[in-house]
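Should a chain be cited, it is by its letter among A, B and C, assigned in written order, with residues numbered from 1 in that chain.
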Amino acid sequence: MKIYVWRCLSLAIGLVAFGAVVVYAAEVEKYFDRHGTLIVQEKVEKYKRRADEGTTYPVPPPPFSEDIFPCSDCHADMEPNPQRRELVDMHEDIVLNHAEGQRWCLDCHNLDDRDTLRLISGEVIPFTESYRLCGQCHGDKLRDWKVGVHGKRTGFWNGEKQYLLCAHCHNPHSPSFKPLQPMPAPVRPENLDRQGSQAAPTHN
Amino acid sequence: MKNIWNFYKGTIAVTVRGSAAYYCWVAFLLALMVIGVITYIVQLNDGLIITNMRDQVSWGFYISNFTFLVGVAAAAVLLVIPAYVYHWKPIKEIALLGELLAISAIIMCLLFVTADLGRPDRFWHLIPFVGILNFPQSLLAWDVMVLNLYLTLNLVIAVYYLYNLYYKRVPNKNFMTPLLLLSIPAAISIHTVTAFLYNGLAARPFWNASILAPRFLASAFCSGPAFMILIFFLVRKYTRFKITDEAIQKIAELIAYAMFINLFLLGAEIFKEYYSDTVHLAPMQYLLQGLHGHNALVPWIWTAMIFNVTAFMIFLIPDTRRNNTALVFGCVLIFVGVYIEKGMGLVIPGFVPDVLHEIYEYVPSGMEMMIAIGIWATGLFVFTMLLRVAIPIMNGDFHVAEDGVGFQISDNLFFLRKSDREKDINGSDENATATSEGSDSA
Amino acid sequence: MCNESSHDKHAFRKSRRKVLKGLAAGIGALALPATNASASVWEAFFQKNFRELNKTELNQVLARLEGEYSKEYGKQVTVKATLPIEGVKYGYGLDLSRCIGCRRCVYGCVEENNQSREPEIQWIRVMQLDKEKGVDLSHAEHYYNPPEVPQEGKFYMPVQCQQCENPPCTKVCPVQATWKENDGIVVVDYNWCIGCRYCMAACPYSARHFNWAKGKLPKEEMNPDTHYLGNRPRPVGVVEKCTFCIQRTREQPGRYPACAEVCPVGARKFGNMLDPKSEIRYLIENKRVFIFKEDLNTQPKFFYFYAT
């Protein structure tokens, strides 16, 4: 009698354990592709739950330099080096002009997974949520950005709006705006009637 | 009705007769009118781009002339007041000429406003009940009303008076007097409303001064009567119409008072702006001393100032006032002085610097001036025609013929030099040649 | 707008107009050659004020204009007369701490709103001002043209129609050709304006512009999505102005005005002032805001602010 009870119990435990393993494996499978590389998009789902009380902001794809993303294409096979240093072989075109005395690459980029960013809290976020990273220091800007007062929202004033990431306008490594060439000055009233005869009205 | 038609035929007959000088003068005016019309057609075709007005200075020479002429028109009342309110006889006889001037000036005003419109084809939008006249909200709507009322009033008074004289009837006082009395507030109102038209614009500090309406009236009471005195001298010299020195002297005296008030109010305004020295000083600076090197108006306004002050002295000092040459000189000075001050001197600084402090130095274009000259010629033409009819009627040289149907004209020349006039009078003693009669069958 | 009660009020006016119409048509028949176009010329001539048109008349007018414009610009042009949206009052914010004076808004506006390219009309004017002197217009530079902006020590202040709640321009119009709509936009009926330019004298912001000549607008650059009170091509001799891109913003959903959309620094904000959650409300409530020439009591719905 006793032995049957134990057998049944072990079978049930075994079944549950097996199920758990299967489910876990399936879950894990979601985050990695065939080569075992982490899939960013899938992971994002998980993090979204935590971002801003469930609010996310519709943004266009982050403005990566051409062919640079996913970073793991190169970094997956490299040994992460947490040593603070000047980069020489790669990325030497990036000049940090953004509180450069106080930080370096891995303060924002995730050491363990270059396809993501890392907040000071240790939380890992995708590039599409980079505004949270910027907002760590620029909290007032983030607040204004969320309501559409900092930066630019496009779309419909009374309908769907599209946000731009901070990085769409500011180069994160050198965020201050670069000067622009202004569009031509208006025609002076004195010249309005001979506007056509002036090929290129130059006024100062 | 038949009488009116006969009267009308008579007036046409009288206006086509005159001396060589009269014909030359009329031909000259007609030529200028033709030039004006042709230029206006160009403007209709190309748009107001042919003027030098731009967004920065959106009103210019046309509206300046309009403003000045409203003053001239209003001034007719200065003659009506002593004549009919105080029954001062010497002026009573010539008050009608003032009304005729008012009619001509108002016609010029209306033409200048029309010339300034971007869409004259839509004038009917201004007609109450047909279009939408934004009354009482818009001061321009008020101006349309009072200008037309004043024009109608003066036309009715003048035509009624002349019509009765023509038919050798005594004009009905009970009809005339209320209209004449009404013309006094009407005259004041056209000028007040025109002043308010500028005055009410808080965007333009140069105009947004409560002293503007009184200043308008004071300067109108200078320029209009000054023009009248000049006309009186001409009429006295070149026609058979008699105008006493007494009447002219009285008007000259009134001009002196008005000019004093005008200069005083101007001084008050200059003091206020310069002493308080706010950003609102800029237009005044532009006018009087130039701003950031822009000084197109400066020589003009100082010319006007010197003219006005000189004229004031001439009119103030009895010896010069009683000297007819000095008086004529003074009148010319006042007319030109007020024309500058109340025309361009008033309108342009309202726009320079503009509301965003941009400085566009406006000077009327050639085409703009030609249209303006055409309108002045039209006004003078109308005035000449009115005088051509009115003066012989008042002299008794033009009236209904014995048969009560045709007309009789005893003044075929109208416009003559004094020496010729004596000959003319001698000639008419010998009778008949200068007298002609029209008949119903014509 | 074209409500029935106001229509009844003008029944008398209508009958008078018929008399005038007959009279003028008689005279005009002598003066004008009877071409195919003459019918539409007369229709345009006798067209009523926009606010007096009933639905049928309005549709006729819109169809006539669409036909004219489509022919002139060689593409299908639509002329809408979209009504204001209930419960909406538009407001605009401009961040002076961001604006760099690049004038992208000026030209974005010109392209969206079919302004005349020659003679040039621009609804937005950007002034270069000295930081040292602040908003002191006597030092404003309107024609600045350096190789790069922003210039050291300068800031930039774009000015366009401030869509006043108490507009000095509409009350002076002698023929009610311009008025404030229920959503707060000040509009002009280009077919009713007589071109007296009194409104231009009354505007403290230089926001109104006159068609000194028939405007030239290249066919390929013509924006065919138009509104009767907004960006349809304007005739010569009438006044025009910014309408907060009425042809965009009155739609549901409505796009942002072109100037706001094109601004490269996001200095331009737009929204419904009656919506507490709109960006315009947020900035009015949370930022340092000023309205231009406040002392004139024009009560602009255009708010200059400093986000930082």
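Throughout what follows, contacts are C-beta pairs under 8 Å (C-beta built on N, C-alpha and C of every residue); 3 or more make two chains touch, one makes a residue touch a chain.
Since the structure is predicted, the reported quantities are computational estimates derived from the model, not experimental observations.
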Identity of the most central chain, Cα criterion: C
Pair of chains whose C-beta contact count is the highest in the structure: B-C
Mean-CA-position distance for chain C and chain A (Å): 40
Between chain A and chain B, centroid-to-centroid distance (C-alpha), Å: 77
Shared interface positions of chain C, touching two or more other chains: 119, 125, 142, 212-213
Touching two or more other chains - residues of chain B: 49, 54-56
Numbers and ranges of chain A residues touching at least 2 other chains: 188, 192-193
Residue numbers on chain C that touch chain B, as the complex places them: 12-13, 16-17, 20, 45, 49, 52, 119, 125, 127, 136-138, 140, 142, 159, 168, 171-177, 192-198, 200-206, 208-214, 235-239, 296-297
Of all residues in chain C, those that touch chain A in their complex: 85, 88, 93, 95, 100-104, 106-107, 118-120, 122, 125, 142-150, 212-213, 249, 252-256, 260-261, 263-266, 269-272, 278-279, 282-283, 286-287, 307
Residues of chain A touching chain C in the complex: 144, 147-160, 164, 169, 177, 179-188, 192-193, 195-196, 202-204
List of chain B residues in touch with chain C within their complex: 46-49, 53-56, 58-59, 113, 116-126, 129-134, 137-141, 144, 197-198, 200-204, 279, 282, 350-351, 353-358
Touching residues (chain side chain B, partner chain A) in the complex: 49-50, 54-57, 360
